[in-house]
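Input: structures, listed below.
One chain, chain A, links the two complexes that follow: it is found with chain B in the first and with chain C in the second.
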Partner chain A sequence: MKVAQLPRDELARRLRRGELLLELPPFVARLRSDVASLARDIADMYGEFAVSSPEAFADFSVEVSREPGLRRWYKPQARFYYDDQPSFAPLPAEQAFPMIEWGLNWCVAAHAHQYLTIHAAVIERGGRAAVMPAPPGSGKSTLCAGLIQRGWRLLSDELALLDMDTGLIHGMARPVSLKNASIAAIRDFAPEAVMTPPVPDTVKGTVALLQPPGASVRRVREPARAAWIVLPSYERGAPPVFSPHGKERAFMTLAEQSFNYDMHGARGFEATGRLVDQCDCLRFNYGGLDDAAAAFERLAAASPP
Partner chain B sequence: MSMPAPTLLQTALTDPQSVRSCSPAQWDLLVRQARRANLLGRLGSTLQETGLMAAVPGAPRQHLVAAGVICRRQSISVRWEVQCIRQALARCGTPIVLLKGAAYEMAGLPPARGRLFSDVDILVPRALLDAVESALMLDGWQASDHDAYDQHYYRAWMHEIPPLRHVRRDTTIDVHHNILPAIARVRVDAQALIDAAVPVPGWDGVRVLQPVDMLLHSATHLFHEGEFANGLRDLFDIDALLRHFGTDARFWDDLVPRAATLGLGRSLYYALHTSTQVLGTPVPPRVLASAQAWRPVRPVAALMSWCWRHALQPAHASAETAAVRSARAALYLRSHWLRMPFPLMVWHLGRKAWLRTRKNEEAAMAPQAAEKRAP
Partner chain C sequence: MNIWSCAGRERFLVRSWSGEEGVVYDKLSGDTHLLEPLALELLQRLGTGAPRSARALLDDLGNLLEDAGSGSALAAIEQGLESMRRAGLVVASAA
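Moving on to the complex of A and B:
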């Protein structure tokens, strides 16, 4: 059953009781919250995602709950819990949904060592995936958000999960996190895109989440093979330019942007090496989403070497 | 007095075949209990050794696989860390006696399998403590952020100096000069432990406690403890050491006399009693009978047994009952009672409680600090 097929009050009830098991392949998350507005955000953002029975196995049990005492009424705060233990400091209750999103990212990054996890956006077209590892501020999420409005399949905007045995990358096709100026940029670029109301004053500034395309969610169980490693950098007004990027530097970027590269030792080294070897490594300088989408169109159309 | 029923985790570790009948919901709880009790790695290695890994459904199995990755990484890191410590202390002329996790790992002992720990503990002669600390600091270990009270607490009263953290590797070392606090009710002859320590093959200058001392240290540590996040894990360590060393009859011959010499009989009694009762550890009846000499008077013994059994439940919400909370509270007080004279205990615990309240207030005032680590 999909989230969208659950009656709204049933969704709210399951969320309150910690019986909402959201399938985020390859994981399942158990969500619990007493923040009423969350049911709406979850319905809007995760409508196409499947729910499991409350009796199923969940990889991560997470909760966002309102802080007790005076904080219930005065500037209400909420806190993220991982398996009943508070993790991170409490935040204003309006940030409950971004908090769940960040918390889930943390759950995966901190625990899923069956994969090599890389802080990167992953999109796919025609069976070939582009991995975009980049530090915050490089315009990676904005670019990813734009391209998935133009026919690219979303795997992830934050976390690439590399299966070191198969060399395939898994994503969860979760909502894309947009910050500050990116929110308006995506609204202009794709007025039909569905977003949560912007949440101001978070640690990352104003944040809004963008609903993943239904086509991407329906294929969420299909991993992809990377064909490109692209290091985006946004520069206002710059023309879109791909330029070659040394494989050794791409390797170092992937290792630096990985959450658990150091943990895998030789196996992680070999897997990262194979990933870089199989990919065209490129830098991509861009100044606008329309130009960028056209440039990526040409990239996808070019036959593989 | 009623004892707690075995948790899923305890049953899975003592009778691995039981996992065959786990439902998805039970796997969900088992993985969560194991993670909180710091026993997920141990669960994985136990199921691996008993050939049951293939019987674990795919999703929970991935958690065991991931825990295995951390454990393998750790066993490499520990070797490197010990190598660094040995190099730093080369000129001090001190033997380096590893304790607990690092000792199990370096000596290749069964408790090391799937065991996670965060710092390396070493024991050095008290006379060389200053030299050791200076040598470590020259090599990049720095005192962590402790205020004057903490410094005094460690240096005047405890059996270790404040933890040192390495500036580049971000690893922590706890340097001990004894296994119990300097002001504790029981005084242990640390030199006797150091003198009897045995070399780690292939690692010149690195030693671990001899088998009986290692067991006694493990027992003393757990049964003087006041905080039980790793309590069940530590009990499984004792169980694994007893099973491993127990194959040698001399171990059993030496255990009780050694406990008497070191003055650690009470801890040994609790360890043998609790481990046999809870985990079914095989201990020869004659050893159990001699250890009875250190049993407290009957009502106290029954009460203590109740306390240990409850406090050593996995540190997970699913196992936390009112009884578990009161047992832990009682043992927390007891641990301080054993560790320091009464007036000092009142002052010390009072101060800690006051700081805790103040810290909570501060945390409420500065809400966004810890958020930065999330991607």
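Moving on to the complex of A and C:
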């Protein structure tokens, strides 16, 4: 059963009781919250995702609950819990959905060590994936959000999960986190795209989540093999330009952007090396999404498998 | 004068795609280093050959360095070795 097939009051009831098990392949997350608006955001953003039965096993049990005290009447706050343990400082209750998203990212980054986990967007076209590791501010999520509106399959905008045995990359196809000017940029680029209401004054500025394309969610269990490592950088007004990037430097970027590279030791080194082996490594400078989408179209067409 | 040697022949995993720069994984420390071309060449020579001085390394590399006869080539080698010593990749001992 999909989230969208659950009546809204049933979704809210499961969420209140901690019986909402969201399938985020390769994981399952148990969600609990007493923040009423969260059911709406989950329905809007995760409608195409499957739900497990309340009794099923969940990899992560997370909760966002309102903080007690008089303050809740005039400045309500909510807190993220992992396995019933409070994690992170309380935040304004209106940030509940971004908090769930950040918390789920943390759950995976901190616990899913069966993978080499890399802070990177991953999109796929024609069986070949582009991995875009980049620090915040590089335009990674904006580029990812734009390209998935133009036929690229979303695997992830934040976490690339590299299976070190098969070399395949898994993603969860979760909503794309847009910040500040990126929100308007995607609205202009894809007016039909579904987003949460923007949440102002978060630690990352104003944040809105973008609904993942249904076609990507339906293929969420399909990993992909990387063909490109692309380091994006946004520069207002710049033409879209791909340029070669040294494989050794791409390797170092992947290692630096990995959450658990150090933990895997020599195995992580070898796996990262194999990933670099199989990829063209490129820098991509861009200043607009239309141009960027056309440039990626040419990239996909120019490099046959 | 220092005699330089590799910190451990079986200790490092090396990958290079360009044949110039390289990435080196140190199994002992768990660190990964990006090495510039000269440093990579020095590490590989020390890893397969006997310990030697910077001057001897310069002599070995003479045919690869355009300005091998100049003081700047020796200075570059010494700088590369010192940088790798700080990273724990090579060891210096007094001659």
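Note that in this section the second predicted complex is superposed on the first by the 303 of 305 C-alpha atoms of A that agree within 3 Å, B and C clash if a C-alpha of one lies under 4 Å from a C-alpha of the other, contacts with A are read in each partner's own complex, and residues count from 1 in each chain.
Please note the rule applied: contacts are C-beta pairs under 8 Å (C-beta built on N, C-alpha and C of every residue); 3 or more make two chains touch, one makes a residue touch a chain.
Given the structure is predicted, the values throughout are model-derived calculations rather than measurements.
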| item | value |
| --- | --- |
| Which superposed partner A:220 touches (first chain B, second chain C, both, neither) | neither |
| Greater chain A contact set [chain C / chain B] | B |
| Contacts of A:28 with chain B and chain C, given as first, second, both or neither | first |
| First (chain B), second (chain C), both or neither touched by A:251 | second |
| Chain B versus chain C as contact partner of A:289, first or second or both or neither | neither |
| Partner chain in contact with A:269 - chain B first, chain C second, else both or neither | second |
| Partner chain(s) touched by A:77 [first = chain B, second = chain C, both, neither] | first |
| Partner chain(s) touched by A:119 [first = chain B, second = chain C, both, neither] | first |
| Intersection of the chain A residues that touch chain B with those that touch chain C | 262, 265 |
| Chain B residues within the chain A interface of the complex | 23-25, 27-28, 32, 35-36, 57, 59-60, 62-63, 65-67, 69-70, 72-73, 76, 316-317, 363-364, 366-375 |
| In the complex, chain A residues that touch chain B | 26, 28, 30, 55-59, 61, 71, 77, 83-85, 87-92, 102-103, 105-106, 109, 111-114, 119, 158-159, 203, 259-260, 262-265 |
| Complex interface listing, chain A residues touching chain C | 246-249, 251-252, 255, 261-262, 265-266, 269-270, 273, 276-277 |
| Residues on chain C engaged by chain A in the complex (per definition of touch) | 13, 15-18, 21-23, 25, 27, 30, 32, 34 |
